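Comments concern the structure below.
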Amino acid sequence: MAAKSAIKRFDMTGKSALVVGAAGTFGRAAAFALGGAGCRLTVADKGVEAVADDLKADGIDATLVELWPDSGANAEVIVRAAARAHGRLDAVFIALGTNDVTFVEDQSEEGWRKVMDANLDSYWRVCRAAGRQFAAQRPGDDRYKIAVASSTRGKLGHPSGYAAYCASKSGLDGMVRALAGEWGTKNVNINGIGPTVFRSPVSEWMFEENDPGKLVRENMLERIPIGRLGDVDDLMGGLIYLLSPASDFMTGQTIYIDGGYTAI
Amino acid sequence: MAAKSAIKRFDMTGKSALVVGAAGTFGRAAAFALGGAGCRLTVADKGVEAVADDLKADGIDATLVELWPDSGANAEVIVRAAARAHGRLDAVFIALGTNDVTFVEDQSEEGWRKVMDANLDSYWRVCRAAGRQFAAQRPGDDRYKIAVASSTRGKLGHPSGYAAYCASKSGLDGMVRALAGEWGTKNVNINGIGPTVFRSPVSEWMFEENDPGKLVRENMLERIPIGRLGDVDDLMGGLIYLLSPASDFMTGQTIYIDGGYTAI
Amino acid sequence: MAAKSAIKRFDMTGKSALVVGAAGTFGRAAAFALGGAGCRLTVADKGVEAVADDLKADGIDATLVELWPDSGANAEVIVRAAARAHGRLDAVFIALGTNDVTFVEDQSEEGWRKVMDANLDSYWRVCRAAGRQFAAQRPGDDRYKIAVASSTRGKLGHPSGYAAYCASKSGLDGMVRALAGEWGTKNVNINGIGPTVFRSPVSEWMFEENDPGKLVRENMLERIPIGRLGDVDDLMGGLIYLLSPASDFMTGQTIYIDGGYTAI
Amino acid sequence: MAAKSAIKRFDMTGKSALVVGAAGTFGRAAAFALGGAGCRLTVADKGVEAVADDLKADGIDATLVELWPDSGANAEVIVRAAARAHGRLDAVFIALGTNDVTFVEDQSEEGWRKVMDANLDSYWRVCRAAGRQFAAQRPGDDRYKIAVASSTRGKLGHPSGYAAYCASKSGLDGMVRALAGEWGTKNVNINGIGPTVFRSPVSEWMFEENDPGKLVRENMLERIPIGRLGDVDDLMGGLIYLLSPASDFMTGQTIYIDGGYTAI
């Protein structure tokens, strides 16, 4: 009975969902998935107009915010735009990220800070704005949801030049745990998704038939039981799970959708 | 486009799904959820007939196997019954469990072994039989799936009398990681679900208004951000996620659906 | 002042220490290390006499128990022998282990059980006996200590044939957490040491210049930042730390001394 | 033989050790412990002169640097001061930290950044400077060591106002793993120590007999198997272990010395 309807708990029809970082590969796929799942959509990013056009071509309307949450004010604008356009906010996915691949001895303070700001501080800004928005609106039957783009690098280090990246993603997991603690009785759930490498403009080189792509890929594949690198579509099931009512009792977790990379 | 269909990846229509331990609270709810999600169902347990009757009353047909996997032979019979009834096997959920609450100094070898056999060895037997079945049949488009009932006690110890229980659930998580490693290239995924206390005949006392139930519950609630103990229906979204094509790139993980218990 | 004496907290002079599994590589090294650290030593294992002779040649006296804890009774005999010989028991190190490398589909129940009994049940038996002994004797100034030989395989799966091994070592970590919970107020600490591969008769093949040793080793070394496989002496510092008063506030943990294998 | 000398591996006589954050409770205790263990000591912090006087009264000479690593340049000055004073640098302990306890909705960007800068960026600055120093000097027989003050809050969230703190400490653990990966073949080990609450001016209120201290303490004690809050001296054994040659094969780990808090 209750259980019979488990499948219906994945339905997101009519939810107001915001994707921050929608011009990136992960965010863009999320916008399509959430739009396809029936959400009323808001997409935010620099250069997000092209994404909105593609969504439109697929029959999905989206509210645009041409901003990146590089300040608290911008994060507020983004969140309020979603709430204003759709009368409320139900779900947020944040997929911002950058890297500065360099051994620590050679890394500049600017390089370190650039990664920390994009991968951690900006998530915090959006979470703060979303938390304020959630607190201001009347709860419905379902819990509010935030999902963030974490990484297997939040759990594991790396041998060459990822100190800032690993610190930022681990830090993000820690923030998720803390906000889960704060928000549990405030009707808000927050969880992370940790992918391994998936195909994107940034990782395209790892999918090539020449070295170094081939060599690095083959080394990674030795540790991925499923035997291939990721594809962003692999992550959409987990994303819908984490943002829909299906996960109403799950919070403070990071789930790894990584072909088994972190398991062995 | 691909992403647009994310929601369809949760559909299990026509999948042959087996629930081992279907007479228990978790297994029984899983049978309803999987039947409701369109699976062709096989339920195994001692005393499973009553469950089948209730499923029937809800319009769900299920093949019955009146057995517990307390031997390799029984596990084989269970798995083959599912495969024979529905022509193949696609998904397995194992929810067996017992406890022997006693401080280690007072625990008997029988008590320890009883827990290890029910909570770990029997899972291994079903996994072995399912692995053999999967290897014998022709793969379809989707990956085969196994989910197991783990526990927050696989991640955390306990102050009073849970040494066997904790060892068995931690051991199960380790087995999941190893089988994910072995099966990655064999088209099989295996993951665990880790609940906190949910209402069942075994835990009923913790939901009462009198001590010790009240006291123990209130202590637990201090650590559960969402502010209540679990309900087995809370777990069904995660179960569908882990057994449906939506999680085809996820393996070797244990996800905690625990109101945030393990997060703080 | 207090702090100034931190180094003295590693001193184990006069402590009654028991090594169970002293004929194996890890146990044997532990016996030398604990004897060298001033402990009054008891060594238990099948075939332990040769170890005792070698200890003697190094100036270390040890009480012998020619038994393996394959039953509760044997575990009791082992622990009581140590307590009787030295008037009390202060520290226990358990280093028993075996493997049955085979894919799960091909593994026999006997193979599975052999691993679980040696790597988990026997540890439980010794812990139970030690717990009883500790409860029966008058506490001194320092806490009682148990350390167990865990493995990186308790944290990570493996792609080929380690399901039982991984389950047993994960299970051991879970037991450690539970017993830490039970024993915290009973003056007993318990922790695990998780090595990666170290040189032993069992792993000797991995140190050879020919394949498959060379190939497997080189693959492993890609994941070990320090750039070499382990040596049992690498583990002795951690062992002394965990068994001496230096770790009086640490319990329920497994520390990985693995060249960084689990870190990346 | 080799093993017999395990206890000697804790000896730090003549090592050049630097404590950054030596005016705080953890750093100050570390300075006494490392001085007592025979190190040639450098202590850095704002207000570190009083510590140096107390060390002197205890017979321990220390080089002073009256600086906090709030810039890359300051971190370089600190590290070079240690190297210049003692001809080289062997071991570094970093114990900086602050908090900004506030629910995320009420936290200012300044509050968030203050915590991230003190608890994470400044550690990175010292690590970078130390890494450069290590690279510039000729290795001795032992590996270089860095230990950092992590926290159980790097592993666990918190229900009220610790989002920045948790993120910073988790982030630190991630940085430790990444630098372990980078430095494994460069003769440098880095690990973290994760305490629970220990007595300090900041936590003094939690040790009082009145509420809220009493209430918060009693709630925490329910989860600490050893049954008391920490004392900074509890951490000195682990610190010596991580900074001495005894841990030469351990890197990228965070060890929890927390009375069992994270185990149950």
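Labels A, B, C and D are assigned to the chains in the order they are written; within every chain, residues are numbered from 1.
What we mean here is this: a contact is a pair of C-beta atoms (placed from the backbone, for glycine too) under 8 Å apart; a residue touches a chain by one contact, two chains touch by 3 or more.
Computed from a predicted structure; not experimentally measured.
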item: Copies subunit C and subunit B - interface residue numbers shared by over half, same or different; value: same
item: Selected pair, greater C-beta contact count between A-D and A-C; value: A-D
item: Chain centre separation (subunit C, subunit D; CA means) in Å; value: 28
item: Chain centre separation (subunit A, subunit D; CA means) in Å; value: 32
item: Distance from subunit C to subunit A - Cα centre to Cα centre, in angstrom; value: 42
item: Junction residues of subunit C, two or more chains touched; value: 156-159, 176-178, 180-182, 184, 225, 252, 260, 263-264
item: Interface residues, subunit C side, partner subunit A - complex; value: 156-159, 219, 222-223, 225, 260, 263-264
item: Sites on subunit C touched by subunit B in the complex; value: 71-72, 103-105, 107, 109, 112-113, 116, 120-121, 124-125, 127-128, 131-132, 135, 153-154, 156-182, 184, 252
item: Contact footprint of subunit C on subunit D as seen in their complex; value: 1-7, 9-12, 29-30, 32-33, 35-38, 58, 60, 176-178, 180-185, 189, 224-227, 230-241, 244-253, 255-260, 262-264
